[in-house]
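Accompanying notes for the structure given below.
We call the chains A, B, C, D and E, going by the order they appear; numbering starts again at 1 in every chain.
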Amino acid sequence: MEWLERNMPKLVLAPSFVAILIFVYGFIGWTAWVSLTRSRLMPRYEIDGFGQYARLFASPRWDVAMNNLFIFGGLFIAISMLIGLMLAIFLDQKIRAEGVLRTIYLYPMALSLIVTGTAWKWILNPGLGIQEMVRGWGFQNFSFDWLIRPEMAIYTIVIAAVWQASGFVMALFLAGLRSVDTEIIRAAQVDGIPTRRIYTAIIIPTMAPIFLSAFIVLAHLAIKAFDLVIALTNGGPGYATDLPATYMYAMAFSRGDLGQAAASAMIMMMVIFAIVVPYLYSELRPRREN
Amino acid sequence: MPVLEIDHLHKSYGDTRVLHDINVSIDEGDFLVLVGPSGCGKSTLLNCIAGLEPISGGTIRIGGRDVTGVSPKDRDIAMVFQSYALYPTMSVARNITFGMQVRGVDKETQARKLAEVAGQLQIEPLLNRKPAQLSGGQRQRVAMGRALVRDPRLFLFDEPLSNLDAKLRVSMRTEIKKLHQDLNASIVYVTHDQIEAMTLATRIVVMKAGTIQQVGTPSQIYNRPANMFVADFMGSPAMNLIPARARTEDGTTRIEIDRDGSDPLVITDPIARDLPSQIILGVRPEDIHEATGQAHLPQDLHGAGGEVMIDVVEPAGADTYAVTHLGGTPVTVRLRAESAVAAKRSFPLAFDLSKVSYFSPQDGSRLN
Amino acid sequence: EPTAEVLHWWTSGGEAKSVAVLQDQFKAEGGTWTDMPVAGGAGDAAMTALRARVLSGNAPTAVQLKGPAIQEWYEETGLADISDVAEENDWAAALPDQIAQHMKCEGQWCAAPVNVHRVNWIWGNKQILDDNGIEMPTTWDEFNAAAEKLQQAGITPLAHGGQNWQDATVFETIVLAQGPDFYRKALIDLDPEALTSDTMKAVFDELRTLRGYVDDNFSGRDWNLATAMVMNGEAAFQIMGDWAKGEFLAAGKQPGVDFVCWPTPGQGFLYNVDSFAFFNVDGEDRQQGQKLLAKLIMGPEFQKTFNLNKGSIPARTDVALDEFDECAKQSSKDMTEDAQDGSLLPSYAHGMALRGAQAGAVTDVVTNFFNSDMSSEDAVQQLADAVAASQM
Amino acid sequence: MLRWSLYAILILFALFYLMPLFVMVTTSLKSLEEIRTGSLLALPRALTFQPWIEAWSSTCAGTQCQGLRPFFWNSVLMAVPAVVISTAIGALNGYVFAQWRFPGANLFFAAILFGCFIPFQVVLMPMARMLGLLGLAGTIPGLILVHVIYGIGFTTLFFRNYYVTIPQELVRAAKVDGAGFFRIFVAIFLPLSLPIVTVSVIWQFTQIWNDFLFGVSFSGPGSQPVTVALNNIVNSTTGVKAYNVDMAAAIIAALPTLLVYVVAGKYFIRGLTAGSVKG
Amino acid sequence: MPVLEIDHLHKSYGDTRVLHDINVSIDEGDFLVLVGPSGCGKSTLLNCIAGLEPISGGTIRIGGRDVTGVSPKDRDIAMVFQSYALYPTMSVARNITFGMQVRGVDKETQARKLAEVAGQLQIEPLLNRKPAQLSGGQRQRVAMGRALVRDPRLFLFDEPLSNLDAKLRVSMRTEIKKLHQDLNASIVYVTHDQIEAMTLATRIVVMKAGTIQQVGTPSQIYNRPANMFVADFMGSPAMNLIPARARTEDGTTRIEIDRDGSDPLVITDPIARDLPSQIILGVRPEDIHEATGQAHLPQDLHGAGGEVMIDVVEPAGADTYAVTHLGGTPVTVRLRAESAVAAKRSFPLAFDLSKVSYFSPQDGSRLN
C-alpha cells in the first residue's frame, strides 16, 4: 500500500512509457533497420549497408525538400507564433465579440485540407483568385502569382499553413494568458508599466512553458505538412514545394521504394533531433532547479 | 490642494456592497493610515484609489484631477500589495528596477537607487534570486522596494510589514517614516498593527464593514474614540467597556458599577456631565491603576475606585495584565511587571477619570 | 458463397457506375461484395491502404493494380493463381499478347485486365482549328508550326496542367515520336546510352518548345480543367490519354463535331491498362469470390459497359465496338495494328513500363526540367544519374 | 482611438481567416454551371441547397451512394473515445510531470515530446503489423488505439506546461490534508484545468476527426471514417468535378469540429487561479 | 515519548545551506514557537517536518516513528501555510471540509466541525465564497480553519495570524490557546509577533540564519537570553546593549558606562561577578526606571543609576519611550504615559540590576 502510494506517479506514467517505447522508439528502430536494407514494396530485413543514404544525398529532389523544410518550417513557426500571440493578446483586452472572433480564428483547424486546399488553390491562382479580383478593381499591374512561380510557391504553402494553424496557437496562448495571476498584472499597472511592456516583460516570460507547447505543435505541423502540400501544390511546380514528408510518402507508397523512404525518415528525424533537443534542453533545465 | 480627494465613493462586488459612501481627503504630506477589522474593505479602498477596481459610484480626484476611469499607470502612484505580486520570472533586482527602466531612468541612477533601497530593506544578498526562492518576509520587502524606488505623487501600502519580525519591522517603520518626512511624501497605509498606526500616521481612518467610523489624529482616535467600535478596536488590550449607571449630583457625576457578590462600586467624576442613566464606561487598561500605595496615583484618582477580585493574572514581559469582573464583563488592568497582584485575591483599583469615555448603550456613540 | 472485398480508387462519375455494374453482376451470381474505395493521388492512397492491409495479415480479395506493380507484389507476397479461370475462358486468345504478359506472374495468371487506355492522344477544339486552318500535325515540327500560328492569333496553343504525370505524359509522347525502338530502349530498358543520346536531347528540346505553348497559370491545374480549356475554346490542344474524352462527352460535346482526337505525331500506341490483381486469401468463399470476380471482369458484357463509361476500349479484342465512338474505334484499330509491328508499347508515365522507383526517377527529372530553365544537356545527364541511382 | 484600431486589426484578421470559408460556402451554394462560368469569388446568383443535400445523403463514394451520412457515425465512435482517453492520460501524465517530479522525469518528458515528431508515414507499416498481431486490424478500437498513442505526446505536453504554472503550495496543502495522488488531481487540478482541457480537446478532436492517413490505412470496409469518404468524394480521377458538392461535403464533415470549438470556447474563463496564492 | 524529535537536520537548496544541524524535540502537549528574523529558515523547517521538502541530512521522528521519507499525509499533521494555499476552485466551506472528506469523516461530523470552526474564526458569512473573493485576513482565517477541523498528532502553523487586526488576533490567539489546552494538542508555531510568542509558547526556539540560538521557556528567553542575538531579537523595543567596563571590587561589581560630555556613569552590582574588563551590558527598556521619586523604585535599585540627557521622547499610547545615549549607543527607556520626561532635558535613571544581562563583546554569549 505504502509502496503503491509512493510509486503512484511512476505507475501512472508506466503505460505511456511502454507505449512510447514501443510505438515511437521501437518504430524508429524499425525504420533505422529498414533504411539499411533494399526494401522496396514491402519491408525486407536483410541489412545491406548505407546505400539508401548515398542515394538520398545524391537526389536533387531531396535537396529541394530539405531546403523547403527550413524555409517553410522557419517561416511557418515564426509567423504563426507571432500572429497567434498577437491575436491572443488582442483578444485578451476584454473584447466584445471574443467568442465569435475566437471561433473564426480557430475554425481553419476544423476543415480538412483535402478541400480547403482547393479553395486556397483558387484564391492563390493568378487567373482565378486574388490577382484577378484586384485587377478587376482596376489595378492592372497588381500581381500575386507566387503559386505558379517555382521559387515562390513554397511561400504560398506558408500562407495557407499559417492560416490553418495560427488560430490554434492563439487558443494556446489565450489559455496561458488567462492563467497568469491578475495581481501581478495589477502590480505592473500601478508600477506605471505600459501595457505593451507588461506583456513583453512580465506575462510572456511567465508563459515560457506555453511557448514550448506552441513550438512543439507548430514544429510537428511543419514537419508533417503533408496534406497541405498535396492539396495545394502537390509538390509542384515541378517538385519545387516538395517537403521531406511528401518525399518520404512518395518513396514509400507511390514508388515502392521503402528503403529510400526509411532513410529519408531517419535523416528527417536526425534534423529534428538536432533542432529540437537543444531547445528542449534549455526549456526543461532551469525548471529543475526551482 | 488635497493630493487625494474621495467623494461619496461606493463599491460593490455584484450584490455585495463593500464600500459605502466613503469621503476622505488627504493633503500633501499627509500620512493616512487605514485600520479596521479584517474584511472591512481596506484593500478594496486602496485598489479603488489605484484604479485597479472599477468603482460603483462617487469620484476620486488625485492632485485635483478627476481620475475616475483613468488607468492605474497614469495615476502616478506606487503601491505595495498585500499579496506581494512580484514578477515571478524576474530577479529581485529587476523586480525593483523594472519600473525605472521602463520610465527610461538612466542605468546609473537605477543602480544607485537599487543599492539604496536594498540597503534599507536588508535584501542585498538576495538581489539575484527569483521570487520563488524567497521567504515570505523577503518577498514582502522586495515588494516594498519596488514602491520605494519610485517618486510618485501618492504611495499606497497594503499591510507592507505584516510578515516581518518585530526588529525588522521597527527598522522598516523608521524607513517609511523617513521617506514620509524627507520627501514629504503623501501616503495611504493599511495596517492592522496598532503601533504602526499610532507612530506613523498623521491621520487615522477607522473603518468597519465598508463605512468610515472616525477620522482623526492618532491621539484623537486613541483618547477620544468617536464610538464604542473605535474604542474597542484601537488599543491592545482593548479598552474596557463597562455597563454602569450615572447620576448628576452636587455638581459631580456619580457612577455606579455592579460588582460580583458585593455592593456596586461607586465612583465620583468631579465634573457634572449630562449623561443618561444607563451608560457604558470606557476605560483603557493602562488607565486603571493599583490603589495600594496611594503615592503612586495622580492626585485626582483618590477615591475613584475600590476593591475587586482578580480572576486571572497574565504576565507578558514588561507588563502584567490582571483580569477582573465589573458590571458583568471582564475588565483588564495593565500593571507593571513587578506588581504583586495575584489571582483569586482582592485588589484595590482606581480609574483615571480624566481619561475615561462615556458611551451610549443604544448606539454606541460618545457622550463626553 | 463467393465473397469479395474490392480495393479500388474508382470512386466517382463513370468509373463508380462501372464498378457498380460489376458489383451487380457479382451479386447476381450469388456473391457478397464489400466495396473498399480509396481515392486520391492516382491510387497512392489505395496503395498505402493496401500495404497496411497486407502487413496486418488481412489482404483484400481483389485490388486495383496495374503494370509491373503486379509482378512486384507477386515477388513480395505472392498472388493468387487464377490460371484455371483464365484457361477456361481462353483469355490468351482474347487479349493482345503484350497486355496478357502484364497479367501473368511467372507464367501463371494472377490479374485480370479491365480496359486499355491509349495515352498518346492530342485533343483539339474543332472550332479553333477550323478557324485557323490547322490540319492534323503528323510531326512535332508541324505541331510547333501550328502552335506558333495559334499563338500569333492570341490563342493558347496547348492546355496543360500542373500534375507531374501530365509532364511525363507529354514527355513520353515525344519520346515515342522518335520511334518505337528508341522508346523501348529509353523508357523500358533504361539504356544509359539512349538516355544520354542526342535523340534524347532533342526530346527535351521539343519539351522546352512545348513549354512555351502553355499558358502561365498551368501550375496546380488539374488535367480535367485543362481539358475544359480546350472545350471552352480557351486553348486549342491538349495532349492527354483517352480519359479526356469522358470530359468532352460528359459536357455533351460530339467527337468530330466539337472536338477532334488525333494520335500524337509519330507512330505507335502507348497503352495504360487497368486491371485487378488477386492476393492470397484464406477461406473457400473468398477464393471463390476471386475466381468469380476474375471471370466477370473479363466478361465481354462488363468490358463493354465499363469502357463505354470510361472512354477507353475493352482489353478483349473480341468485343463488338458498335456502340463506341470514333475515337475509340480508331484506338481499337490502332491497337490491333500496332500490336503486330511491335509499336504497341506500355506507357511509362502511367506506370505500365517501369517499376515505381525508376518511373519516379524519370518523372522527377522531366517535371523539374519542365518547371525550370534547365538545359537539355543537364537534363539528359540528370536523367541518366537518377535512373542509375534508382536501380541500386 | 486605440481600441478602435484594435477592433480594426481583429476584424481584418477575421476576414483573412474567413476568406477560404467564404469561397467554400459560396461555391457550395452555386450550381455547377455557375461555377464553371462565373467568378470563384462572386456571390451565388441563384442559391441552391442541392449540393448540401447530395453531400449529406446521396453523393457517391465508390459504389455506395449514401453521401457522408453512414461514415459520420464511424468517425464519432472513433473520435470521442480517442479524445477522451488521450486527454485523460495526458492530464494525468502532465500532472505527474509538473507536480510529482522524480529523477529522470524530465528525460522521459523530453522523450515523449520527441515522439511528437515521428512522421506518421513511418509508423504506418510497423503499426499495421502490430494491429494485425493484436487482432485490431480494420476495426474502430484499433483506430482508437493508434490515435491515443500518437496523441499522448501532445496532451501530456499541454497539461504539463499548464500545470507547472500552478503553485506547488496547493499540492502541499492537499498532501497535508491527507489527500493522495488521485484525490489531489481530481479535487484540485481538474477543476483548474478547464482552459487547457479545452485546448487539448480541440487539438485532439481536430487531429483525430480530420485524420486521413491512419483512417485509410487501418480501417476496414465497415469502419471507414468520414475523411476517407470525403476524400473519395473529392478525389475523383475522372469525370466532372462537382465542386459544389465537394465544398458542401467538406463543410459538413467539419461541423462536429466546429461544434466542439464553439462549445469548448465557453470554458476559456478568465483568471481561474488568480488570487489563490501569494507570491 | 516525544511527539516530534528532530536530529541533526540539514537542508540545502542547491548550494544554499538553509538549515544547519537542527536538534529539537517536542513532548506531547508542547507548544513550540519558532521565532527568528525573516529568511532564517522557519518555514523551511516546518516544511521539512511536514515532509513537503526533502531533507538533506538527519532524521525526523514523529511519535517515535522515523518519518524521513514518509509522505505528508501519513505523518498525521495539520498545517497552515504562510501563503494560505487555499484551493482556488473550492468554496470556503469545501476548503475547510476537504481534509475530513478525504479521511472519510461522516457528513454530520463534517457539518458540525465546520460550523464550530467557522464560528471560532468569524467566517460564517463567507462559507460559500471562493478564495478569490476574500480579503487577505479572511483567507488567512480560512487557512486556519482547514487545520483546526482536523485532529492530528501535530499542528504546524506558519504565521497564521500575520494578516489579522489586533482584536481578531487576540481572539484567535485565545482560540489557539484553548485548542492547545483543551485537546492537549502539540503545536509548532511560527510567528514574528513577540506577544504571540510569549503568551502562547510553552517553549520558544530562536533561530538565526538556519541555526538554533536558544531553546527555552518564554521567561528564560526573555529574561536570560543566551546571547546578544536573542537578547536583541526578543522584546520590543529591543533590549539596550550598552558597551561598558567591569571590575570586581569589595565583593561587588563596579560597572562604568561612558556618558556624553560628562563623567562615566558608575553602577554597582551588589554581587561579585567574574566578568572580563570589557562587557556589554544588556538591559530592557522597562528595566530602566525614572529615579526622581525614589519611592517608585524597588529597594535594590537605589544608587544603580544617574542623570542622563534625553534625546527624543516618543509617546505611544499607554507608554512613553525616552531615548538617551550611553556608552555610544542610543538607549531606550520605557516610561508610563504620564511621565513628565521631555527631550533635551536631564533625566535621572536607574537600572534594575536583578534583571540585567552581561554579554561578552567577543562572541556575544551570556556571561551571568
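In the analysis below, contacts are C-beta pairs under 8 Å (C-beta built on N, C-alpha and C of every residue); 3 or more make two chains touch, one makes a residue touch a chain.
These numbers were taken from a predicted model, which means no experiment stands behind them.
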Seminar exercise, completed: Touching chain A and chain C alike are D
Seminar exercise, completed: Farthest CA centroid from chain E: chain C
Exercise. Highest contact-pair count belongs to which two chains?
Worked result: A-D
For this session: Could you put a whole-Å number on the gap between the CA centroids of chain C and chain D?
Result: 38
For this session: List the centre-to-centre spacing of chain D and chain E in whole Å, with centres computed as mean CA coordinates.
Result: 59
Exercise. Chain B to chain E: how many Å between their CA centres?
Worked result: 22
Exercise. CA centre of chain A versus CA centre of chain D: separation in Å?
Worked result: 15
Exercise. What are the residues of chain D that contact at least two other chains?
Worked result: 124-125, 127, 180, 212-213, 231, 234-235, 271-275, 277-279
Seminar exercise, completed: Where chain E touches two or more other chains simultaneously, the residues are 71, 82-83
Seminar exercise, completed: chain C touches at least 2 other chains through residues 41-42, 48, 51, 55
For this session: Using the touch definition up top, name the residues of chain C that touch chain D in the complex.
Result: 5, 8-16, 19-20, 23, 33-42, 45, 48-49, 51-53, 55-58, 222, 224, 228, 243, 246-247, 250-251, 310-311
Exercise. What part of chain E is in contact with chain B in the complex they form?
Worked result: 13, 35-39, 42-44, 82-83, 126, 133-138, 140-141, 158-159, 162-170, 192-195, 198-199, 219, 222, 232-233, 235-238, 284-286, 293, 295-296, 298, 314, 316-319, 334, 336-338
Exercise. What residues of chain A sit close enough to touch chain C in their complex?
Worked result: 38, 40-42, 51, 55, 58-61, 121, 125-127, 145, 147-148, 150, 153, 230, 232-240, 249-257, 260
Exercise. Across the complex, what residues on chain C touch chain A?
Worked result: 41-42, 44, 47-48, 51, 54-55, 69, 72-73, 76-77, 162-164, 216-220, 355-357, 359-360, 364, 367-368, 370-372, 382, 385-386, 389-390, 392
For this session: Quick one: which bits of chain A touch chain D in the complex? Just the residue numbers, please.
Result: 5, 8-10, 12-13, 15-17, 19-20, 22-28, 30-31, 42-43, 83, 87, 90-91, 93, 95, 99, 101-116, 118-120, 122-123, 128-129, 132-133, 136, 163, 167-168, 171-172, 174-176, 178-183, 206, 209-210, 212-213, 216-217, 219-220, 223-224, 226-227, 244-245, 248-249, 252-253, 258, 261-262, 265, 268-269, 272-273, 276-277, 280-281, 284-285, 287-288
